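Below, each structure is written out as structure tokens.
One chain, chain A, appears in both complexes that follow, with chain B as partner in the first and chain C in the second.
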Partner chain A sequence: MNKINFACLILTISILIAGCGVQQEQAEEDISLNLLETNWETILKEAKDQTVNFHMWGGDDRYNRYIDEFIAPRLKEETGVTLNRVAITDTKDVINKLQNEKSVNKKDGTVDIIWINGENFKLAKDNGLLWGSFASQLPNVRQYVDINAPDIQYDFGEHTEGMEVPWGKAQFVFIYDEAKITQPPKSIKELGEWIKQNPGKFTYPAPPDFTGSAFIRQALYETTGGYEQYLNAANEEELDFIPLWDYLNEIEPNLWRGGETYPESLAKLDQLYSNGEVWMTMAYDPGKASSQIEKGVFPETTRTFVLEGGTLSNTHYLSIPFNAEHQAGAMVAINYLLSPEAQFAKMDPVHWGEGMSLDPSKLSNEDREQLHLLDLGKATLPADELAKYKVPEIPANYVKWLEEGWFEHVAKR
Partner chain B sequence: MNMWQKGNPYLYVLPAVFFMIIFFFGGILQGVLQSLGVSIFHDDAQFTFKAYQELAQSIDFWQSLSLTFKIAFLSTLLSALLGMIIAFILFIISLKAYNTNRFPFLYRIFQYPLVIPHLAAGYLFLLLLMQSGWLSRISFQLGWIEEIYQFPILVNDTFGWGIILTYTWKEAPFITLMVYPVLLRVHKSWYEVARLYGSNMIKFLKNVAFPLVLPAWLSSIFIVFAFTFSAFEIPYLLGVTYPQLLPVYSFELFMHGGWEERSQSLALNIILAFITGILGIISYLLSKRWLSSERRGWE
Partner chain C sequence: MGIRLKNVGWKFLMILFLILFSFPIIPLIITSFSAGWRWPEILPDQFSLRAWNYVFSPYAGTWEAIGNSIFIAITVTFVNILLCLPAANVIARMNFKGKILIEGILYAPLIIPPFITVMGIHLTFIYLGFTESLIGVMIAHIAPTLPYMLRALIISYQTIGLQWEEQASMLGAGKFNRLRFILLPHILPGIVAGSSLTILVSLSQYLITFLIGGGHVVTLPIILFPFISGGDIGIGSAYMIIFSGLALLSLWTMNTLLKRYYKARITFIG
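What follows is the complex of A and B.
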């Protein structure tokens, strides 16, 4: 008898709790809808004292220190928002986590801000893992970002629809040693000739390494007649990559180790470069060479170059997941990350050394002056030169075809 | 009370058994299911042997398999011999010594590679042996070679010497660790008795010491083979782009492929586990036979 009573009690309590839960959910949904429409003051008030979990790739010490030592204390002081950086090894893990949470309808997620672009953004957007179109709510986006610029509006061919906010820009550059190469090549074709004249002094990381994969995309543009044809997604059958494979196979015998093997990662290629075994390396990060010089890893005479036909560039973004618990705090934090102060600090090679996502023409005169005074490091090309030789990325689905094709047509031969 | 006491030992091992069942067998089961195209995450998946069929038809797979076999075999052979030789040298030293302290210092030295993780060992050998590595530079400074490119290609080479050397360096001490304690149980007086009957050191080692360590040696050889056959880090760092060793091949399929390749990747792992399992059974049977006939020696 006692047991039955107890069971009844439990049942009643759980129904009550469930009822409350529903009401609370309703309330929470109302708030999050409001946040996309309300004014900035309300958001600031709501955000105060929130702790925001920022999930970002933790593989580079410079990036981590920039967030922990520069951003977090200033954000706390100015807005009362605490920024908690959560290091992850692969953004895809977060996407998987959100996907699982979506499938079990988990409302109070632990991810408030996610660092994202390309394939992962498309995946998140298609599966409804992102919160909503919050970009235009942020004052700094409205004031400083050119949201209609093609390289900001389209993330690897995918329309952002304000669901993510541009945080920074990266561009592919080649890295070389001025002491060994006086005239760096200006095109993929010239690079091929240079390789022939200097056998064993060049190689690239084996795709699917990120940078190696970017190198073959770079070669694809020039060998098949420009990037324009790839802006729209196509079917695999329609594509003709043969000139690319021909080029890569032609340079192969004169690559490092006769093309018998390729470095499995960019780290290995960098090692070969700093040991002097090869004379060039590459990076999808224009400021990396300067900071490697500063650290004493690369020789002092290291410089970077881009190609006449332009090098690949992409924008990376910040977004808020559908079940973020501290949406207001996330908006305030992202807004601060897009302030001129935070963006200039990020450009400084002491911190990070990468391009800003703000439009220089929208900055105040004072800020623009400060921008000119920034010392980007001796190996980094000036921002206007990088901007001049810049081509957009390819839609995400090409990347896999190219990587598989490379393995079949180049690695196996 | 009585019943409680009886049930006790079983109760105590329950957490361990539970852990084994869920994570070990559960993991294997999950792998088998996914390799057959069945998944709890995808409702539309169908039961199929397609992944195995595709692997069987792929040249990449057979190339990888034979290369993996070759490298695992050579690494195991070299480390088994070297490990055994080290153990015997230590043993001979301890036999000849007046002091029975058994040279702990020397023994310690051979144990150092054990504390270095495989990933670090792989990187260490890379820095040591690459053409712009330490050995090459030292040879250059000493004038043995005129250019660093004359240094032989020992890592990321098509034969796999880099992988084999690293494994040998890492696993030989492990073999010694398994074999030497068994040798230590051989009393010094046995050797004296053997000498009294006109035996010499070589005969003594061959007829007395070797049969005693054989079971321990065989099982450690098996462990080394199973490991070198399926470990990822060293072949990833020191291998070549093509052909890849099976663990690397499987990793690439899993990380960079789509859903279909994921089945193939798991099928590869199941094949790896299956081969290792078969070898395990063989080595178990072998050592059991040796054990039953040789064990009597101890009593």
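What follows is the complex of A and C.
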């Protein structure tokens, strides 16, 4: 008899507990739904005293300093939100972690903000790892960002649907040493000729290195007749990459070490460049050369150039994962990161030196004046020249095909 | 004459050894202080404290990382000793069914890539609520370090039969005394060897710490890897020097403690 009583008691208690759990879950969901609809004042109030974990790639002390020294103290003072930067080596690791958490339905995730774009965004979006469409809730997005611009609305061909907010813009540039090259090539074809005349002085990082992969896309556009044909996602079978492989194989014997091997990462190529072994390197960051000169890593005579046939550009974004614990705080922090104050500081080569994601025409007159006064560094091309040759990125699924194809047709051969 | 020549030979070897050992560290030190060091310069033409300034600035979190690294490594070592003492005892000195199987399972982390195990550990730890915590990281570090401790202890145990303890037992020594006066002194070198390996392996874990700690448990490899993969060799070198220093320091401390222990014991017996 006693035993049965005991069992009943346990059962009742567990049902009660389970019931509470469900109710609590519903309450939590209500709050997060509210945050996507409520007004900004409520969000600010909710965000106060929250600590937001910002997961971002930690391999550049300039970026780290910008967040820790410039953003964090100002954000704390203005809104009461504490920003905690969490250094990561590869955004894919965070995606893996979120996927694991999703599969066991973990609610109180520790990633509040994630720095993301391209393949990783597509992966996160397709697997439901992102929170929701929060972009239009942020006052600075509404005021300063041109949400309908194609290079902001589409992240590597994937519609952002407001699930991520543009943080900055990067553009592909070649880096060269003025003391060694007087007339840098203006097209992929001219680059090929230059490589033939200067054997061993050029190479590119082996894909899937991010920048090496971008170089191949850059070559793809020109060897197959422009970017327009790639804007709509197609099937792999329909695509003809052969002119690209022909070009890459043609330059191969005159690359660094006869093309026997490729640098495994951009960091290695940069090292070859700063040692003078090769005469060119590349970056998906127009301001990088200037800051490397500043650090003393690249020679003083380093300059950058872009191809006249167009140069890849992309936008990188900030997003909030599905299980972020401090959604309100994350919104407030992201909103501050998109303020003119924060974006101008990021453009300054002292801090970071990369393009802003705001629309210059939406800025106030004072802000625009300040923008013109910024000194971008001696190796950085002027903004209008960069803008003139800008072409959009390829849809994310092409990136994988190209990387696999490169291995098959160029590396293995 | 012969002895002197032998001495000179030894000294020469020692010096050669030292040079070979310190050679890779010299460029590390120079890069960490240089503002760009380009071929064919033998020495950099400009020096700067940029890397060290960053490493020891309050927001770099270096001190916290050093503290965490040491704390995790030492705790893991102690847990490993407690886990391995009985296990090694049984495996080394007793025979039972399925012994090979159990040995195989215990050594498995040496062969199976850590990524495979850590993904599973991560899922389980999410259920248990161990992720993003020091405790979780410590438990996860046991997997790759345990085999080293176990191997060292098994070898120590194999050199001591059960007879010594049986004899002591016949002379009236209880369990504690047998452990204190016979077993521990004999297997101590094994414990030290296992501990050194555990500390070194634990100090250099990146992936496990990152996945389980979620970036919130910051250890030296966590802040060091992004700089190496990002190509900032100045800061990378500075962190590498700290890392090597930490590893050397822990090995040296362990060695000194061991020597002191043996000295004390000899005087005690004498």
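The rule is simple: the second predicted complex is superposed on the first by the 395 of 413 C-alpha atoms of A that agree within 3 Å, B and C clash if a C-alpha of one lies under 4 Å from a C-alpha of the other, contacts with A are read in each partner's own complex, and residues count from 1 in each chain.
Assume a contact is a pair of C-beta atoms (placed from the backbone, for glycine too) under 8 Å apart; a residue touches a chain by one contact, two chains touch by 3 or more.
Because the structure is a prediction, the values reported are computed rather than measured.
Asker: In the superposition on chain A, see if there is space for chain B and chain C together, and answer fit or clash.
Answerer: On the shared chain A, the partners clash.
Asker: Scan A:276 for contacts with chain B and chain C and give back first, second, both or neither.
Answerer: both
Asker: Tell me which touches more residues of chain A here: chain C or chain B.
Answerer: C
Asker: So, does A:154 touch the first partner chain B, the second partner chain C, both, or neither?
Answerer: Neither partner.
Asker: Just chain B (first), just chain C (second), both, or neither: which does A:200 touch?
Answerer: first
Asker: Which holds for A:58: it touches chain B only (first), chain C only (second), both, or neither?
Answerer: second
Asker: Between chain B (first) and chain C (second), which does A:264 come into contact with in this model arrangement: first, second, both, or neither?
Answerer: first
Asker: Does chain B (first) or chain C (second) touch A:412, or do both, or does neither?
Answerer: In the superposed model, A:412 contacts chain B only, not chain C.
Asker: By the touch definition at the top of the document, which applies to A:40: first (chain B), second (chain C), both, or neither?
Answerer: neither
Asker: Common interface residues of chain A with chain B and chain C?
Answerer: Residues 275-277 of chain A touch both chain B and chain C.
Asker: With touch defined as at the start, can you tell me which chain B residues reach chain A in the complex?
Answerer: 60, 130-133, 148-149, 153, 156-158, 236-237, 239-242, 252, 255-256, 258
Asker: Where on chain C is chain A touching in the complex?
Answerer: So the residues of chain C touching chain A come out as 34-36, 38-40, 46, 48, 50, 54, 59-60, 119, 122-123, 126-127, 131-132, 206, 210-211, 214-216, 218, 222-223, 225-227, 229-235.
Asker: Which part of chain A faces chain B closely enough to touch in the complex?
Answerer: Residues 200, 206, 208, 257, 260-262, 264, 272, 275-277, 400, 403, 407, 411-412.
Asker: Which residues of chain A touch chain C in their complex?
Answerer: Those in contact with chain C are residues 53, 55, 57-61, 64-65, 68-69, 86-90, 93, 96-97, 100-101, 103-104, 106, 110-111, 265-268, 270-271, 274-277, 295-299.
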